[in-house]
Structures are given as C-alpha cells and as structure tokens.
Amino acid sequence: CPLNGTETVKAESLHTVLTNLNKVSNSRERASRLFQWIIHPHPAKTFFRDYWEKKPLLIKRQNQEYYQGLFSTAEFDKILRNDNVQFGVNLDVTSYTNGKRETHNPPGRALPYTVWDFYESGCSLRMLNPQAFSSTVWNVLSILQEMFGSMAGANVYLTPAGTQGFAPHYDDIEAFIVQLEGKKHWRVYNPRSEDETLPLVSSPNFSQNEIGKPILDVVLEAGDLLYFPRGFIHQGNCLPDAHSLHITISSYQRNSWGDLLLKVMPAALEMAMEEDVEFRKGLPLDYLSFMGVQNSDKQEDPRRDRFLSHMDGLMKKLVSYAPVDAAVDQKALGFLHDCLPPMLNAEEKASSVYGAPARWEDGEAVNVTVQMKGQTRIRLIRAGVARLCGDGGAVHLYYTTENSRVYHQQELKSMEIKEEHTDALEFLIHAYPKFITVSSLPCDTEENKISLAESLFEKGIIHTSESLKAK
Amino acid sequence: CPLNGTETVKAESLHTVLTNLNKVSNSRERASRLFQWIIHPHPAKTFFRDYWEKKPLLIKRQNQEYYQGLFSTAEFDKILRNDNVQFGVNLDVTSYTNGKRETHNPPGRALPYTVWDFYESGCSLRMLNPQAFSSTVWNVLSILQEMFGSMAGANVYLTPAGTQGFAPHYDDIEAFIVQLEGKKHWRVYNPRSEDETLPLVSSPNFSQNEIGKPILDVVLEAGDLLYFPRGFIHQGNCLPDAHSLHITISSYQRNSWGDLLLKVMPAALEMAMEEDVEFRKGLPLDYLSFMGVQNSDKQEDPRRDRFLSHMDGLMKKLVSYAPVDAAVDQKALGFLHDCLPPMLNAEEKASSVYGAPARWEDGEAVNVTVQMKGQTRIRLIRAGVARLCGDGGAVHLYYTTENSRVYHQQELKSMEIKEEHTDALEFLIHAYPKFITVSSLPCDTEENKISLAESLFEKGIIHTSESLKAK
Amino acid sequence: CPLNGTETVKAESLHTVLTNLNKVSNSRERASRLFQWIIHPHPAKTFFRDYWEKKPLLIKRQNQEYYQGLFSTAEFDKILRNDNVQFGVNLDVTSYTNGKRETHNPPGRALPYTVWDFYESGCSLRMLNPQAFSSTVWNVLSILQEMFGSMAGANVYLTPAGTQGFAPHYDDIEAFIVQLEGKKHWRVYNPRSEDETLPLVSSPNFSQNEIGKPILDVVLEAGDLLYFPRGFIHQGNCLPDAHSLHITISSYQRNSWGDLLLKVMPAALEMAMEEDVEFRKGLPLDYLSFMGVQNSDKQEDPRRDRFLSHMDGLMKKLVSYAPVDAAVDQKALGFLHDCLPPMLNAEEKASSVYGAPARWEDGEAVNVTVQMKGQTRIRLIRAGVARLCGDGGAVHLYYTTENSRVYHQQELKSMEIKEEHTDALEFLIHAYPKFITVSSLPCDTEENKISLAESLFEKGIIHTSESLKAK
Amino acid sequence: CPLNGTETVKAESLHTVLTNLNKVSNSRERASRLFQWIIHPHPAKTFFRDYWEKKPLLIKRQNQEYYQGLFSTAEFDKILRNDNVQFGVNLDVTSYTNGKRETHNPPGRALPYTVWDFYESGCSLRMLNPQAFSSTVWNVLSILQEMFGSMAGANVYLTPAGTQGFAPHYDDIEAFIVQLEGKKHWRVYNPRSEDETLPLVSSPNFSQNEIGKPILDVVLEAGDLLYFPRGFIHQGNCLPDAHSLHITISSYQRNSWGDLLLKVMPAALEMAMEEDVEFRKGLPLDYLSFMGVQNSDKQEDPRRDRFLSHMDGLMKKLVSYAPVDAAVDQKALGFLHDCLPPMLNAEEKASSVYGAPARWEDGEAVNVTVQMKGQTRIRLIRAGVARLCGDGGAVHLYYTTENSRVYHQQELKSMEIKEEHTDALEFLIHAYPKFITVSSLPCDTEENKISLAESLFEKGIIHTSESLKAK
C-alpha cells in the first residue's frame, strides 16, 4: 500500500532532493516532500497520527551520507573564519562535567583560533542560528516553515569525543535531531507528570536522580534521526571514540490552542462588552460580601450559587462573540514575523523583482520599464509569503520577503490595502498555486489592476509565469 | 406593608440622620439607612428593582431644608479661603454659551478673589472632590461606599442664574443629583441606542440636534433629588431668577459583569493552560490555510467547522477553570484602593488606636502599654475596612484606614498574614458586627492571638467594645 | 560700641520677638533681627566674620525659657495625633547601641500609640520636616531663608534619657542646634582633613576610633545654642537623668562658589562656541598621538606644551564669556523652588489677595471688584517672594507664594512677562521695601499698569499699603 | 623644491596606490600617502596650512581615470542587487525642482527595479554609507581616519543629466568632493557671517536669494577634486549632457577645541571642588540681592565687582585643575567608537588571529596551539587600533577591531588591564611601528608576558612579524 505522495522520495541525497524540489511548483507540496524525506522511510501521515506531540521516533538508516550537505563541521569552521559570529549571541561554549553544567563564553567575536581551543579542551559548541550563516539550512527551514505553520528553527551542536555538553532537561519545542557526523549516545525519558506534558516553557537543568529511567537508550550515527515531543527529557553524550555533530530542527513553540485562546478571549470579551448590554450591567450591590477568597467556604449561601451561575452563563455566551478569524490573524502575524524570508531559486529570481532586468549599463539606466501588463500571469511567490489581515478599519497585507535571516532583526513589513483591492488580493491568494493574469484581478479599472500588481511585484510578493526579459 | 428597615427613617434632617447613624453599630446597616434617607420616601427595595440601571427617578419634596448641612456655597467659599484648591485639579471653571462648551481654568491656586470674579461673569464652578475638603461629604460617601461595593464619588456644581455650564452628554456612572440651593431646570433623554445603554465610557459633548426629545423636563428645587442611570443624556440650566448649587453623588463606574470578566478570563486561561493538556496541544499544522479573515468566506470547508467547534469546546471547558473568587478579590482590591478612609465618630475613635491614651505628659511618655488582652473584645472598625486576599502563595490583609481623602494619593496598604493567622482573620471578619474576645481567635497560642490583635489594632483596623482608658 | 542693628534685641522671649517682627516692615530686616535673636548675645557681624564656615560657637544662656514656644514634645505628640505623619517620610525611629546604628521604621502612619512605645524602649525620634506641621517653625524658617539666600531647613530630635540615637558623623550643612527641653551631651571634632573641610556631601557613620579627640565636650541645656560648620564631626547623647529635645536649623547645602560654577561653566562654553570662532576651530590632526593618558609621560614632546598652552588660552578666554548673572538666576530658581511659602501675618493677609473681601454672602457673590486702581500703593509682599529671570527669549517672574510647606511638593510657579512689563517689574522689585502707586509703574498705558498689578495681586505676590475693604 | 614625503606619489591609479600602500609598514604613513594622492599634485603640507578650515581648493586634472576603482555606478547597481539596501537608511531619493527640495523614499528595501525607475524620472540618489557595501571605500576611509584623528565618512551621489538633487546649504564637516563619473556644475559661496564660519551644525536648505554670489563657479569632471570647509554654502547641478557620480569624503564633525572643552570643563570643576576648599566655600549671604539679571543694571554696586572678580579668580584657578589628558581620552573614545574596523591585507591577515592556522580538518581540530612565544615579535596591527585609557580606578584598553562597518552597530569593545600590565601596554603602543619580542614586554614573569600577548592576539589587536604557520 503506497503512501500518499511519498513513494517517489527514495533514499535520495539532500542535494538531489533540493534540486528536485525546485521543480515542484507549489511551495506547500515542496514543504511536505522535504519533510517526508527527512523522516523517510516513516510515512508523514502516520508520523503525525502516531508520534507528533505523543512519543519519540527513532530512525536508524545505516546510511552515513543521507543528510550530507545540510551542515558540516568544515562549514562551521568556514563560518567562524568569514562571518561575524559573536560568543553568546550566535555561539555558546558549554560543558557538563561531574553533574555541573557551565557556560564559558568570552565576550566578542568567536574566531577559529579561540573556538577550537575551547573544543580541544573538551567544551561543546552550540551554534544558535545556523540559518543566518548557512544557505542550505536557511533553504530547508524556510521550506519547512510552510508545512508547520509555525516557526522552524535550528541549533547545531558539536561535541568532542568522550564528553557531554548539556545537563538532562526538556524543551518547549518539537525536536528533530539530525545526526550529521560521528555519533552520540542519547537517553530519552518520559515527561515526569501530566503537568509537564507538552509544556509551555523549557525546564531547568535536572540532576540524574530527578528524571527516572530512560524509555530510549540509543546511539545515533550519521544519517540517523531522532524525534521527540516537547516535555520529553533528554541527554546526549559522546562516546570515547568519536565526536558528534548534529542539527536540531525545531518547531511549535507556543503554538497551542491555549496560545490562540490568549488572542481570542480578550477580543471576545471586548466585543461582548461592546455589543451586549448583559455584559455592561452592574454587579450585585453586595457581591463582595459573599464572593472572594475570604467567603469561599460559604457554600451554603445561595447568593454564591446564583452569582456563579450567572457568571457561567456570561462565559458561555462569550463564546458566541469570539472573533476567531481575527484572532487567528493576530497569531498568524506573529508567525509571519518569525518566518525566514523565502530563499529563491534561480527561476523564482528570474521571474520576480529580484531578477528584473533594470540595471545600470554603459552610463545609463536600462530596462527601466514597468513589467506588469494586463496579460502578464502572476501568482504569490510562495503560498505563505503574504497574508491579508484586517484589524477593525484598515486592511493590511503582511509579507515575509523583507524579513531577515536573523530572528526579528527587521519589523514585519506590510502595505495598507485599499478597500477596492481587497477582493483582488483574496482572489490572488486563493488562486495559488495557479498563475492568473493581471487582467483577471477583480478590480474596477485596468489601471487599478496594474497598479496593484506593480506594488506586489516591487515588494517581491508575486512573480510572473515567465522569466523577465531585458528589451 | 412596611418596608424592610426603612419605616423608621422619616423626613429627618441630615444632622439628625447622621447623629442617629452613630448609634447604629453595623456599618452595613448605617449605609442602607443613609441611602434610604437620601431617596426617601421611595423605598430602597423597589428603587433597586425598578429604577437602578433602568430609568430616571425624580423626587420632589417641597422641603428646601431636607439636604441642608450636606454642602453649601458658604462652605465652598470657606474652602477656597482656607484650603489649597487648585484650578484644574480641584476646581473647573466652565461655560456653555450659544452651543459652545469652554473651560476657563487659569493655572495655580483658586482663591475667592478670582473664583467669584469668574462666577459673576457667568461661569459655572465644578468642585471635583468636595470629600477632600468637607467632612460631611466625606462622612456621607464613606458610609455609602459600603452599600454600593463600588467607589462613591461626588462633584459639586454652582451655576449663576440664567446660565448653563455644560453641554448635553451622558456619563459612565449612576448619578444622584441632590439639589442643595436655588433651582435648576433639567432635561433628561433616553440613551440613543442599545449600544449606548449602560455605557462603559462617558460621551463627548452633544449638540442639541443629536439627542432627540427629553423624557423628563423638570425644575429641581432645594431638597429635591433626581436619579438617572449611566447612558442617560442630560443637561441642566439655571432660570433667570435663581442660582443653583447641587452635588452629584455617583457610583458604579466600571463595576459591571464584564469588568469582572476582565479579571476572570485571563486567570481562567492561565489556569486551564497549566492544568489541562488539551489547552497545550498544538494547533493543526494547516490551520492558517483555512482560518483567518482571508479565509472567512470558505464556509464549505469542513476543516473550519471542526476547528471552530474544537475552539468552542475549549472555551466552554474554560468556564470550569475560572477562579471566580480570586478574580473577585482582584476587583475588590481596586475598590479598596478607591475607598475613602472611614470617618470615625467619637466612640470609634475612643475605642481604637486613634484614641489610645498613650501620650506625652509632664516630660515623659505615659500610658504606653499594649491595649490587647485575652479578654479584650474586638471587631473590625467597619465591615468593609479590610479584606483577606490570597494571590498564589502569600495571603495579605488589605485595609483602607490609611487611604487618603484625595483619590489614590496613597498606595493601598496591606500586611502579610502568616498561614497560622488566616483562620483567625476569617473568624474575625465573619464575626462582624459582633465583638469577639481576643482569646476566642483560633490561633495556637495566646501570644499569637494577642500579637495578631495588636497588629490589627495598630493599623486602626479593629476597635474594642469599650473605650480605651488611661491608667 | 553698639552693634549694627542688634542692640535693641535683648533676651526677649520668642513670642515677643515674633510679635515685634510683625512691626518690622522690611522682610530682610526681619530676617537679620530674628537671626540676631537666635545667636544673642553674640553679634551677627562677628559671628559671620569669625565662626560661619570656620569653627563651632557655643552659647550657654542659663535661661531655659529662651527658645520656648519654638517647638515642644507636647506639640510633637499633638502632631502625631492630628496629622498624617508617616514613618520613613516624616519620622525616623533610630538607635545607636554598642556602636551599632539602626533604623526601626515600620511602614505606614506614625500614631502616638506606636511612637511612644518605641521611645519607651529607648529609641530616638527624628521628625524630618517640622515646618510642615508646626506654624511657628514654618514662620521662623520662612523668615530666615531670606537672610541665608539658601534653603533654611530643620529637623527635630527627641532622645530618651541615657541613650544615643546617632553615630558620629558630619553633615553637608551649616548647623544650629537649638536645645528646647532637657539636656544633651555633645562632642564636636575637627574635620579630619582639608578634603573633608566644608564638604559637599555628608559622611557615613564613623566608628569612635576614626574621629580623634573632640575639640568641644559640653552639655547643652534648654535655652543653649551650638553652631558648627559642615564637615565638623559630632555626636550627642543623653545623660541618665534627662531626656533631650532639640531642633537643628540648617542652611547652605550645596550653596558654594563651585555650585554656582556648575551653572556658569556650561553656559560660558556654549556662549563662547557660539560667538567665538576660535572655539570652533578644529583640533590638530595628530593630537591623539601626543595627548591622552597613554602619552602623559612624553614631557619632552613640544607639541604637548603647545597644545596645553593653547587650551590654557581658551580656558582663560572662556572667563570673558561667562554669563554670571544668568547663571546666578539658574541658582536662584533652585533656591526659590526650595523656599517655604511666606507665612503671612494678619496685616499682610488683610492687604493681599488672601484677605480680599470677595466672598459668598446671602446667596450671592459680593465685593467682586478688582482691587487695583491707579492710586493704589503696592509692593512685593516679601523681598524674596519673586524674581525676574530671563532665559534667552522669554522673561518669567518666578514666585514662592504657591510653594508648599512640604519640600518640592509643588513645581515652582511662574508667569511669563511681556517685554513691555519688564521695566515695571524691575522698578517694583527694586522699590522694595517702599510702596509705590500703580500709576508710577513704567508701562505705556494706565490699563497696562492696572492689568500687571492685578496679575501680581491675584498670585499673592504684592500687597497694598492699606487693608482691603469690603464695600 | 621636492615636497616632504610626497614626491614619490605621482599620477598613479588608485589600484597602484593601494597596492603600494600595502608595502608601507606604518599605518600612519599609509594614511598620509593616501591623502597626498587624493589631493595630488597639491602638497599636503601647504594644503593644511592654506586651505584646511579656511577656503575651497579646486583641483582639475584632465585625467578621467584618476579616481577609477574607488566607486562606480556599476558597483552601485551591484550593491542594490546583492545587498540589503534600505530606503531611508542606506539610500535617499531626492529632488530639487523649482526651488523645492523633496525626499521620495518609499519604505523597505531598495531594489534596482524601483531605484532606476526613480532615477529615470529625474531623482537623485544618495547612498549614505557606501563603506558598508564597498570594500574599497571601506579600505580608503579606514586608512584616512588615522590621519584625521576623527571619523572619516562618505556619501555617494548619483544625479541624472539636467537635474539638481539638493538645495543650497552648508554642512558641519570638511568636505572632499571626488568626481567619479560624468560632470557636475558646482557653485560655492562664502559663509554668510563669522557666526556661520566653521559651524557646529549644518544649515537648513537656503533659497537662492539668501546666499549671495558664488566665490567659485566650476564644472567638475571625472578625476577632479573640490574641497571646501564646513560653513561654505554649496550647490551642484548636472548639465543637460551628462549624469554625475561623485563621492564626498568627510571628516572633522564636532572635532573642535570647544568640543574638547566640553569634556575638560566639567572634569576640571569636579576636580577643583574635590581638591580645593576655595571652591567649596559658601556664596555671600546676600549675593541674590545684587547679582542676577534683575540686578544687572546695578553697575555702581561695588559688591557686584567684588563678586565678579572673585568668580574670575576661581575660573582662572580652574584652569590649573583641568585634567586635559583624561578629557582627550574621553574624546578619543568617541573617535574609536566612530572608527571603521581596519581592513586587513593578506599579510596582515596571515600574521594575525584572522589568519591563524587553527582549523577543522579531517574530523578534528588542528593547529590548536597558542601562537605567542617569548621570541615572537609583535606590534599593534595599526597605529590607531587601540588606546589605553584610565578613568579613575581601572585602566582599559579600547580597540576597534570588532567595530562594525555600519556606524555604531556595535558597542566599542574594551578589555580591563591589570595594573601590572599597564607599562607593558604603553611600551607596546609607543614601540609602533617597530616589532618587539614578547619577552621584552616589561612584565614581572614570562607567563604574564605571554598571557598579555595572547589576549591582545585573540582580539586581533596585535600581529606578528612573521606569518603564522601550520605545524
């Protein structure tokens, strides 16, 4: 029984996968194919049904090359040499010896001369945002974020043979540990209680006697994958005979139903108080004399029952005022701000503003012509690149093309959308992955259609079906 | 059929009422008697059933002396002379001429020389917190606040004959207009819509053509009372033959069920997220593709229904996590901070720390002995003077005796209560209006009982059944 | 050889002195007479020549009643009872036992019941601003501040027999210790070095072995005075047989030539840079290579000499740009803000806005007429009540009548002065103590003269030569 | 008569000059040679004597290639394409038409597609910090800053034929206009008054009738140079037949004697008040009665003369307390923070931490050995790379190697220097440009010497005389 959309993804190399993905037109499909490759041969469908947020999954491949090209210690070294890596900001130097976890960051820039000295003396190195330095990591994460609908992050860990860099702890994210070089011994433990299941915040460091017995005790080798949900305690250490390099891909930090309710509930209450006089009516004159902690033992007082039951009624009524779509948009804005900008491939570049032929040549600006015509066929450059959100009066289109590879270095960008353009934008967004002609946009005038398309094109939000040509 | 507790309050003068109230031991009863006197001869019970938050009530008395002693223009003049009344802070000079509302406050202190000059030229005067300057107003409001369970405030308005001081508008409080001198012509209008019924905020100034026709058009004379709920538009002007002085007593600003829900809901959600893993589970991977404003037209998408119905379920579940008593306490703390300090009568003073006989005499400190013994009989000095609130770990007793007569000039004071004293405090609070002996407090040791009573006594929270005597 | 203006001040009681001062028309003369009475029989002239800022002066009087009426423990007790005295704000409870200095302030209001309990257990009490509670102290300080040209402050100290309240230390103010009740043993020590002579900040608490031997060892009795300059270390303790009450009158905190230079120098530099291109010329290209701490040993480098001598030249030139009068005004504004408001006597009140006959009577405002006429004779109500300061463009008159008795509780008040009124204000200010007619003010129109006088009158800055009469 | 050190610099191309400079070991000499090349054939010595801060200098070369390689519109285009250039941050779009100056920056990233469209429609483009994007500009400025001892900045201006981008105005910096492409018509005007000579702040835009007649009216062609001091008004416009590209190199913003005095004077006064009791003595009791603006006409009052003359004396005395070297260091710190980091050439890299052979190779860290030995010969990597400053207690070494190419993106970095290392650092700093052995550093132990050298090496502050070799 072949799995839905996964049977074509064999044990291809990362390079092949990424090359093939360039031929996949729909960015949502790209995302699910890439994810399927990562957890291959386990089918994504059953993964999300049986493991995701539930329990660890271990994939042993006996194929050291499987993840090759994603990241390597050689690239790590090159980054230290060429980029402005700062201790404490981009790189942590840590150790865990005799039950004691320490951080050794000096101030300032992390150069190979100093970094390798720490490594040689037994310290672990954690690079905090490899996507800012490695194009491949950027590419992979920017594709995956469209599947998760939640920020996809990554850390890289390099650990010398015979050492351990971190104390046992649990995290607040879903973790995919991708073993890149060498090997590492991992022990994973169940959450200690229901309260620590799918937790909202990471734990402090635990001592060995606080965590019970592992439910998984395994040696990861290059090419292997280990997934575990937030809340599962874990610790990894290197065997005496090999160093370890792995990258942890993470997602779903504060992406729970409760986190959405944090947006929904205040909006619901505001709306209910505006629209429903029941919420504006005064409290009983004497409520302070039978409610409150000092009165909580007065179970016999019938006024308490009446009061609580009236509250109940209002709270249930509140549900009907919940502006769920508006609250989802608030949550979405957070995600859009968290997003990596799309890493465009050659074709995408050539058909977008980033490859527009306008340029300086022989002492003059050439090809300075607007590219949008009525018959030009356009679509969003990625399914998730932009989102139309209304907050009361004005409608804005938020977009990720000007986000930075460094987390939140830029504010989330948006453009205000005139009311007469709203339908056209919804049409464009829902048309994806199909290209549509500028003329087909539901605006009143041709001029309006072209001006809207031009604005979107200038911000890199849309691309054309054909590469842009110089005259 | 005599009304509950009201038949005894006849057309007594304010002075007689206040004198008689001193003999009423229970401060809650004092409050309801005083309120009954204010709206006499209308019974409080039917007032709260038929008018409160519903519609205006007019009481014409043909008795100019009824409210005498509460406040007068002569007292106004005396206050200007003797107290530091500041324009813009304690006093506003206003006019409403030819449809234009203006404020004329100069900077600095308001002295009679300047104030009466404004008055003579046709300006109205509004004193913003007469309770800070007039002991009688302070006394009346500090009694009433115990009945309302919400801040009781007041403004005084003095208007020259033949003028109007304010444009038509509505307020965000329940208003009792007590005519003290002269007369005033009032017009009251229904709320303009359901949205402006029992509103949360006051209106801007209206022009005459925005407000429709009055439902009440009446001349108030000294001794008369006019009540109307928040949201009812009103305007008052002086007839050519008489000036007007009235005091507006107000309450129930932001004291609605919705205001309590503003405390309840965040706490409920926090608790639910802590205690119930359902709230911590991740959102569906693809929710952003079918939820949000840009997808709100996709009514046919079954995923929307499932999503909304799951949200519904969680919101309803939320109700069961609502820590209503704790939220009521948060609301109560706001009220306690708003409260006027109690204005003690001679007996209360003599039996509390304010009348303790410790003093300096003939070159030495005398009567410096702790007043609390096992057999001393004590109780709260007022029913509403203190409240026991727990916020997570520590329990605090908040109290109003060190509040100021000027709104929020002091922080709300509290003392931390040791766990072993909590029961004793609940016992003491619930015993009111009965006196109990220090010995009867449920603490483990006699020493603990006395030390607790001593702390409460020092802060003026309790008084003794007998006046304190010097040795 | 009779002393200048002092021979008339005999051993009068405080009451007599203050009564007589009311007959002294010039507030500057009032100030010097009151000061002379305080240090009687030592002549003020030689005091300021020989002791002020130089060395201690002890005056033993054998007259326990001399300072009677200034303050007493009975008044202290009355204040605790009637005023809102706050621990830590208005009152400190301290002890110094076995070389250890402690503060015992509980939170909240200081009531006699608690305060006398502390006193009985051996604690000292320091009231921090008795002028806010005692009219006599307010009166005395508000008179003295005109002589000092610097804030006159006070603390009151009550110490039980046989105890000491404070560790040895020095202060940053000139101190006049006025013994009011009982007696106290004082030891005074020289400043420990030139660096601690006339210091800018008070010292920490010293231990006994850090302070050397006293230069004065004396028992002050009621009626005695002890003066010492800032920087002189002191400690006082009670003998076993008597408590002590004294008030310390202080002045000259941060009132030095250097403090004035702190205002002058930045203004001088700003002006020089604006007006003189020499200050705007560039530094030498290579100055960083021979100047700076790392080059300070290069004494032989002639470039250093040239650089330093050019700097010298500029700094000396700076002197000629110093806007001393403007800087004095900046300093003066600080003093005006520090000032107590004048405490007016009956005559001053009757001839100023505070006694203007405008009032509410029999249902109407009466005597609402402007009091200023051309022939009205006016002057400042006190020499130091107001000051004309220009800061660049606008000229303002700053005045102290709306200051509070509590330090800096109010912002310093001012009114903007139109250019055409500046001369008139200088004329008025310099005329003091003489009264001048409103007509004699050098303004262009009679209307202008009256309008200026009216504004000053309304703020209480001027009074008239005759009491104001009702019509 | 050959000019001092300049005869060797002929009409070399920029490339040749920069290549030859790499062979100049002393960075200070590099700086003066590069500057000499820029103003060639005018000798630097007479330039600084006759023109610098005095008057404009025009150099016409008839050599279009002279500055080739410094920057070009082609590079501009490439930067737009490849770098994150932001409108309003890195690039301004401006126009000056019919006397109206406008800015046309849209929000967000500046891509060629949009930028060239603006250009075609007649707008000028100003790139604000080309040094962040162009290595050559970075290199040139980072060399020049060592000669100026003040930040060297740059802007690039591209103007279409027949247009003008800016209104007439003057700047607050010394300006070197280097014509790179095309030609531009410049008009330069004298400062309008002594007050606007060498001004501290730039002017607003002037209209043509406010600026008088030009003192220079010239067409700059590629290869030409125009210098003018701050305060000289200027405007440039393109002729109909050619666009213009120029770079303006600037320095000496707020680098005047007055700016140094702003550091010196507060420190001098603080020191004088600490050390000299004359500055701590009290002001005269009565100074407010004869000083201040309201008394400034009292020329006859001898107290004014005495007061002013005492002030004069103190201000002159102040000079002797001026801690000039410490103030120079405060100024130097500002400069160090403004500095570009050094752009190292291949040899400098190879002999510093940036070229240290430590690296990851074949699964392990190699060449991880400390490079400093006793016989290693070291020196500062640039004369101006670091500075030793003491502020009271601790001594710090401030250094520019971790500065960013973007203005103030990084805090200025420093390391605390132990007292026993201070002499060694002064020795090292003053030895430049000579290399010294680690052993020759005046520290007590060999270990100390090596540890100091190692710290400096790790931060890139020093390099070795020989390239570092892998084992």
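Read from first to last, the chains carry the letters A, B, C and D; within each, the first residue is number 1.
Keep in mind that, in the parts below, contacts are C-beta pairs under 8 Å (C-beta built on N, C-alpha and C of every residue); 3 or more make two chains touch, one makes a residue touch a chain.
Worth saying up front: this structure is predicted, and the values here are computed from it rather than measured.
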Steps needed, at fewest, to go from chain A to chain C via touching chains: 2
Fraction-based call for chain B against chain A, same above half, different below: same
Averaged-CA centre spacing for the pair chain B and chain A, given as whole angstrom: 50
Gap in Å, rounded to a whole number, between the CA centres of chain D and chain B: 64
Whole-Å separation of chain centres (CA-atom averages), chain A against chain D: 42
Chain B, residues touching no fewer than two other chains: none
Residues of chain A defined as touching chain D within the complex: 73-74, 76-77, 81, 84, 107-109, 111-114, 116-117, 119-120, 181-182, 243, 353-354, 356, 358-360, 363-365, 367-368, 370-371, 402, 404, 413, 458-460
Residues of chain D that touch chain C when the two form their complex: 28, 48, 52-53, 147-150, 174, 194-195, 197-200, 252, 255-262, 264-266, 268-269, 272-275, 277-289, 291-297, 307-308, 310-312, 314-316, 318-319, 322, 324-326, 328-329, 332, 335, 383-384, 387-390, 425-426, 429-430
